[in-house]
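Next up is a structure, given as structure tokens.
For reference, chains read A, B, C and D in written order, and residue numbers begin at 1 within each chain.
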Amino acid sequence: MEVLFFGIAKDIVGASHKVFSTNEHRPNSVGELKQLLIQEYSELAKLSSLAVAVNSEYALDHVPLRDNDEVAVIPPVSGG
Amino acid sequence: MEVLFFGIAKDIVGASHKVFSTNEHRPNSVGELKQLLIQEYSELAKLSSLAVAVNSEYALDHVPLRDNDEVAVIPPVSGG
Amino acid sequence: MKKYIEIVDQIDTSTVYAQLSHPHSGGICVFVGAVREFTAQQEVVGLEFETYEKMALKEMEKIADKAIDKWNLQKVVIKHAVGMKNVEEPVVIVGASSAHRSECFEACRFLIDTLKETVPIWKKELFKDKTVWVSAHP
Amino acid sequence: MKKYIEIVDQIDTSTVYAQLSHPHSGGICVFVGAVREFTAQQEVVGLEFETYEKMALKEMEKIADKAIDKWNLQKVVIKHAVGMKNVEEPVVIVGASSAHRSECFEACRFLIDTLKETVPIWKKELFKDKTVWVSAHP
């Protein structure tokens, strides 16, 4: 499972992506992923919002994560 | 005094302008001009509205008309 | 220049952004009115516009000044075409630039709405078998 | 083609009317967002945009489809630029064409408002002495 980081999230994490191999312990849902990231990078908790997209669709906390999913961490958007 | 006609008013009157020489009896106000025109061209009375501009500014019925004024008969506008 | 106000033979849409752009403007809103193929289910061959140009320019200036004043605009464009126009041809272009987007949207809507109410321009619809001066009769 | 949806390096304002024009459209409304020189009294040197392109295009498609459906539009344009943009440069262009003007104005406003809420694009403001990710913090 690959997790992509954009905008300020990329700056906080210090990387544009992170791969969870299947062997490694990896989060099973969007909610777990968020918890795990916030534990490791507390600055993420200070953002106005923190959304997650699974296979390029916004996904709520209960959505499960699978091995081949492309997951993205979406800090507050500011286009336009 | 010159009176200009536009749009459907030009079609009804059959001319794009009409000159009232100072010798001739000419209307003394916007209201009088309108009355005079409607008497002569009854089709003007059937329009949705009939405005008059004096020296290229909209003018109400009480506005006096003078010899050197440029007067325009403004049927319902439909720009855009 | 702050205002671009013209009666023209052809509307040139390609210059409008250069004319409205300004370092203090975060938003630019533009409206273009064009000739539609159908009016009330009848096929339109074209439109013919005429104007009382001297007065039309004065009224367009007044509209632009009101909008600049009310919405604190950086730039305003109001241009109307005259003569014969075919289906899809632009006949009017209005636009405004402002710091934020709400202002330019509201101003742009005001420009076209007020132009239609007060500017001495007349439109004749040409159908296959007749011509009609728009809005002339109740 | 009914929709023109793109992430681009440069916004080309010159093609938008040709793309939105349609024989059934009497009205075309376009909004352009550009880089402002000042934000909260601070001088902006430029803006830098990045996007999650695959998802951004999907979200822009959704916005366009909603607008077409709601306002019965003939055509829709949504284009956003990425990379470094200087003051006065356009960064986004949205537009809609419809039979009458109310629909294209409302649709155009909806396109830009919704784009700002949902499309994964991020803007960094570059000042002389610092950079700030816009809206990141409360």
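Note that contacts are C-beta pairs under 8 Å (C-beta built on N, C-alpha and C of every residue); 3 or more make two chains touch, one makes a residue touch a chain.
Remember, it's a predicted structure, so these values are computed and weren't measured experimentally.
Visitor: From the centre of subunit C, which chain's CA centre is farthest?
Guide: A
Visitor: Mind checking the centre-to-centre distance between subunit A and subunit B? Centres are C-alpha means, answer in whole Å.
Guide: Taking the mean C-alpha position of each chain, the two centres sit 73 Å apart.
Visitor: Quick check: how many Å separate the C-alpha centres of subunit B and subunit C?
Guide: 26
Visitor: Could you tell me the distance, in whole angstrom, between the mean C-alpha positions of subunit B and subunit D?
Guide: Spacing between the chain centres: roughly 48 Å.
Visitor: Which positions in subunit C are in touch with at least two other chains?
Guide: In subunit C, 33, 112 touch at least two other chains.
Visitor: By the touch rule stated above, which residues of subunit B touch at least two different other chains?
Guide: As it turns out, subunit B has no residue touching two or more other chains.
Visitor: Can you give me every chain pair that touches, using the contact definition above?
Guide: According to the stated criterion, the contacting chain pairs are A-D, B-C, C-D.
Visitor: Subunit D touches which residues of subunit C in the complex?
Guide: Residues of subunit C touching subunit D: 13-14, 17, 21-38, 87-88, 90, 99, 101, 104-105, 108-109, 112.
Visitor: For a test of understanding, state which residues of subunit C touch subunit B in their complex under the given definition.
Guide: On the subunit C side, the touching residues are 33, 49-52, 54-56, 58, 80, 91-92, 112, 115-124, 133-138.
Visitor: In the complex of these two chains, what residues of subunit A are touching subunit D?
Guide: For subunit A paired with subunit D, touching residues are 4, 6-8, 11, 46-48, 53, 56-58, 72, 74-80.
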